[in-house]
Amino acid sequence: MSGHYSILITSLGIISCALCVYLTIKANILDNEMLPLYFFPRLLQYTLWLIKEILISNIETAKVILFKTEDPELFTIKSSQASNEGKVTYANSITLTPGTVTTQINENVFEVHALTKSFGDDVRSSQMDKMVSWLEKGK
Amino acid sequence: MINEIFGVWNYWIVFTLMMIGLYIVISKKSLLKKVVGLAIFQTSVFLLYITFGKIAGGTAPIITNNSEEIYSNPLPHVLILTAIVVGVATTALGLALIVRINKAYGSINEDEISAVDLVDYHEKFSEKKNK
Amino acid sequence: MIDSIINYSSIASLILGILFILIGSIGILRLPDVFSRIHASGMIDTAGTAFIILGMCLQSGISLITAKLIFIGIFIFFTSPITGHVTANLARKKGLKPISNNKGETL
Amino acid sequence: MITEIIINAFLVSFMLVIALFIVNTRKVIFTILLAGTYSLVAALMFVSLDAVDVAFTEASVGAGISTILFLAALSFLPKEEVQESFNKNNIFALSICLLIGGLLIWASYDLPMVGNENNPVHQHLVSDFIEGSKNHIGIPNVVTAILASYRGYDTFGETIVIYTAGLAVFILLYNRTLKETNKSVKNEISKK
Amino acid sequence: MMFLAILFAFSVCFLLILIRLIAGKTTYDRILAANSIGTIVVLAISIHGFYMGRPEFIDISIVYALINFIGTVAVLKLFDKGKLGDK
Amino acid sequence: MNNLILKVCTKVLFTPIILFGLYVQFHGDFGPGGGFQAGVIVAAAFILYAMVFGVDKCKIIMPSKLNFFLLVLGAFLYGFVGVVGLILGEPYLSYDLLGSNKQSGQHIGILLVEFGVGLTVCNVMICLFYSFANFKFGRNKND
């Protein structure tokens, strides 16, 4: 990261890494929620798919903003993920695609605000839900 | 012409900012607003110092391999670097004082605080007289 | 040849990013309520940031700077949905209701 | 290199706009948000004036920690200010500010132009410091070299100041234990 | 020259969002606007580094992104609980 | 804040922020950065943790006693480096003799001093936040 590789600097880097690991263990946050390792095998494919979705919905949102055709709606959907990290990934993916925002989470039921009806239909078709569940089952 | 206007423009705005900070400190009654005013004043002084250190066409004072580089003046940077951190420490101290004042008087408005003080003083005075 | 292609593509992506950010800020100004404005700010945080960082990466070539730029990109990608969601969540909790366009009423 | 100076002028005007709006806000939380934005722009300004380290500090300390501290203090304070009418005091303050500001702007004609190489600030010591940190200390970042080595006493003093301020805030806000407050209340009751 | 044009475009966006920050109806609007201004400033700093020809200083914009996030969380927390310390 | 997303993401972000702070600390000689900034960044990580999970949980990682110990240690380290120079027959706070030659001596001295500053600033900020968060606002007029 620094671009300088003398012995002193490298050893300091190793010491600081060790300090970080120690703090993390002491904070007792090292679990599946923090580092969902079993996501990794399918993460790349999921990311590419997500980026495609984000691009499409960005263009849609730009159209809505420029041509004044917003028609907001609020609805609830169910998520099929079992673990917390899966739910968070799903909710974050919904929020990341502009046009839809997760507003509340109660157990398995998400409340989603969508800019237009068509965005709402996209979420209701639960394609993203399936993708996240597929990501969660990876291994 | 443009050169002359922009040459002193920074100074003008910095002085105006300074005066805005001073105005807030003098005229506003809320103690919290006064601390914000002090912060504005501080930042404008920092800007003034850093503006002195600038050399047009120079770069940041971190030495590169190019030997003919012009560096801006690093001395004001050092002074201001420490001043910013000390400024935050004093701001925190002021805030702590304000919180204590609010606990003691039930208000952070200057007028109300002095009114409470006046009432207390008169009560004590009249007690002494009665005795 | 390749240099000029990279240069032009980086310029194109920078301009695209600026366009998205401009549209997003117009959206923040124009849309009617908080919940709709979150979508516009999400546009700035995703598409605008991504395109501008892509443009800068192409400018700098493969170096340490590119790694840092990608780090910024990942960081903003991580934090933007969190702030958006938390804002919306709080607004819902405090009883704010989104405005529906058709009847001029709340949903 | 006139464009650099024009960028600076533009940015500093933004700061003026934000500061003007800080004066007349009554909701405290809005004031704090504006103050945070103000110091964000100030840090951008420092970057464009080549003061990278200062911008780093302003971004982390001025915009981050001080905003958090303001918010932490706000939780114990009233959230709105009392309405004030424009009265004699304000006219007095305004006239003082206009007077001093006018004098300062008059004085600014004697100041050297922004960004001129031959300013008196750049004549002493600086070239020594730059050469010295290249040859004597061997560290590329001149600011760090001056901070820790040439002006070490100064920084030591600053550290002690911060340390003292932290302790002072701790003492001011320390909760006296319940027993002590009970005792003082009992004493007062027995006096009456 | 291109970077300069982009910087000016950024300042236009900055002004647009500043209007929302000042005129916003609810506090949530203002928080949102402040957050967006933070994002724009992060990008502007990195672009400015490229404009000056010394793009090594991107660390600053990382710090900015970080501080922006923490500040927003703090404001929202204050609104939720009325106090920063409690759970 | 009882928010699932915020809690999970704080867990993810906590370690990288501290790592970045330490990078800024030790990289201050070559690029922008140094003790003051690094201290604030590391403190910011702890403050984020305390805001999301509550101060009590943050005190498990950074107890008040450890906080004060490090606070004193940072200021002491700075002074002590100066005293070492004094013992070796140099003026106070000059680092020439700390290493094998002048340059490495200066380098080691600056690193140590910056570390002391960083430790102090970080712990002062955490201490400030703790004392503001723990303050109890009981309104009794006799106070």
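In order of appearance the chains are A, B, C, D, E and F, and numbering begins at 1 in each one.
Keep in mind that, in the parts below, contacts are C-beta pairs under 8 Å (C-beta built on N, C-alpha and C of every residue); 3 or more make two chains touch, one makes a residue touch a chain.
Note that this is a predicted model, so its numbers are computed, not measured.
J.: Going by the stated contact rule, which chains contact subunit B and subunit E alike?
T.: A chain counts here if it touches both subunit B and subunit E, which gives D, F.
J.: Applying the touch definition from the top, give me the chains sitting in contact with each of subunit D and subunit F.
T.: Neighbours common to subunit D and subunit F are B, E.
J.: Using each chain's Cα centroid, which is most distant from the centroid of subunit B?
T.: Result for the farthest chain: A.
J.: So what's the Cα centroid distance for subunit B and subunit D, whole Å?
T.: Distance between chain centres: 6 Å.
J.: Once you find the CA centre of subunit C and the CA centre of subunit D, what distance in Å lies between them?
T.: 31
J.: How big is the gap, in whole Å, between where the Cα atoms of subunit A centre and where those of subunit B centre?
T.: 41
J.: Of all residues in subunit D, which are in touch with two or more distinct other chains?
T.: Residue numbers touching two or more other chains: 52-53, 55-57, 60-61, 64-65, 68-69, 72-74, 76, 140-141, 143, 147, 155, 162, 165-166, 169, 172-173.
J.: What positions in subunit B touch 2 or more of the other chains?
T.: In subunit B, residues 59-60, 62, 64, 81-82, 84-85, 89, 92, 95-96, 99, 103 touch at least two other chains, as defined above.
J.: Pull out every residue in subunit E that's touching 2 or more other chains.
T.: Residue numbers touching two or more other chains: 31, 56-57, 59-60, 62-63, 66-67, 70, 73-74, 76, 80, 83-85.
J.: Pairwise, which chains touch?
T.: Pairs satisfying the touch definition: A-C, A-F, B-D, B-E, B-F, C-E, C-F, D-E, D-F, E-F.
J.: Can you list the subunit C residues touching subunit E in their complex?
T.: Residues in contact with subunit E: 11, 14, 18, 21-22, 24-26, 28-29, 34, 37-38, 41, 44-45, 48-49, 52-53, 56, 59-60, 65, 68-69, 71-72, 75-76, 79-80, 82-83, 86-87, 90-91, 93-94, 96.
J.: Contact residues on subunit F for subunit A in the complex?
T.: Those residues of subunit F that touch subunit A are 4-5, 8-9, 11-12, 14-15, 18-19, 22-23, 25-27, 30-31, 49, 60-61, 107, 111.
J.: In the complex of these two chains, what residues of subunit F are touching subunit C?
T.: 1, 3, 5-6, 9, 12-13
J.: Enumerate the contact residues on subunit D facing subunit F in the complex.
T.: 52-53, 55-57, 60-61, 64-65, 68-69, 72-73, 76, 136-141, 143-145, 147-149, 152-153, 155-156, 159-160, 162-163, 165-166, 169-170, 172-175, 181, 184-185, 188
J.: Mind listing the subunit B positions that touch subunit D in their complex?
T.: These residues of subunit B touch subunit D: 2-4, 6-24, 26-30, 32-33, 35-36, 39-40, 43, 46-47, 50-64, 70-78, 80-82, 84-93, 95-100, 102-103, 107-109, 112.
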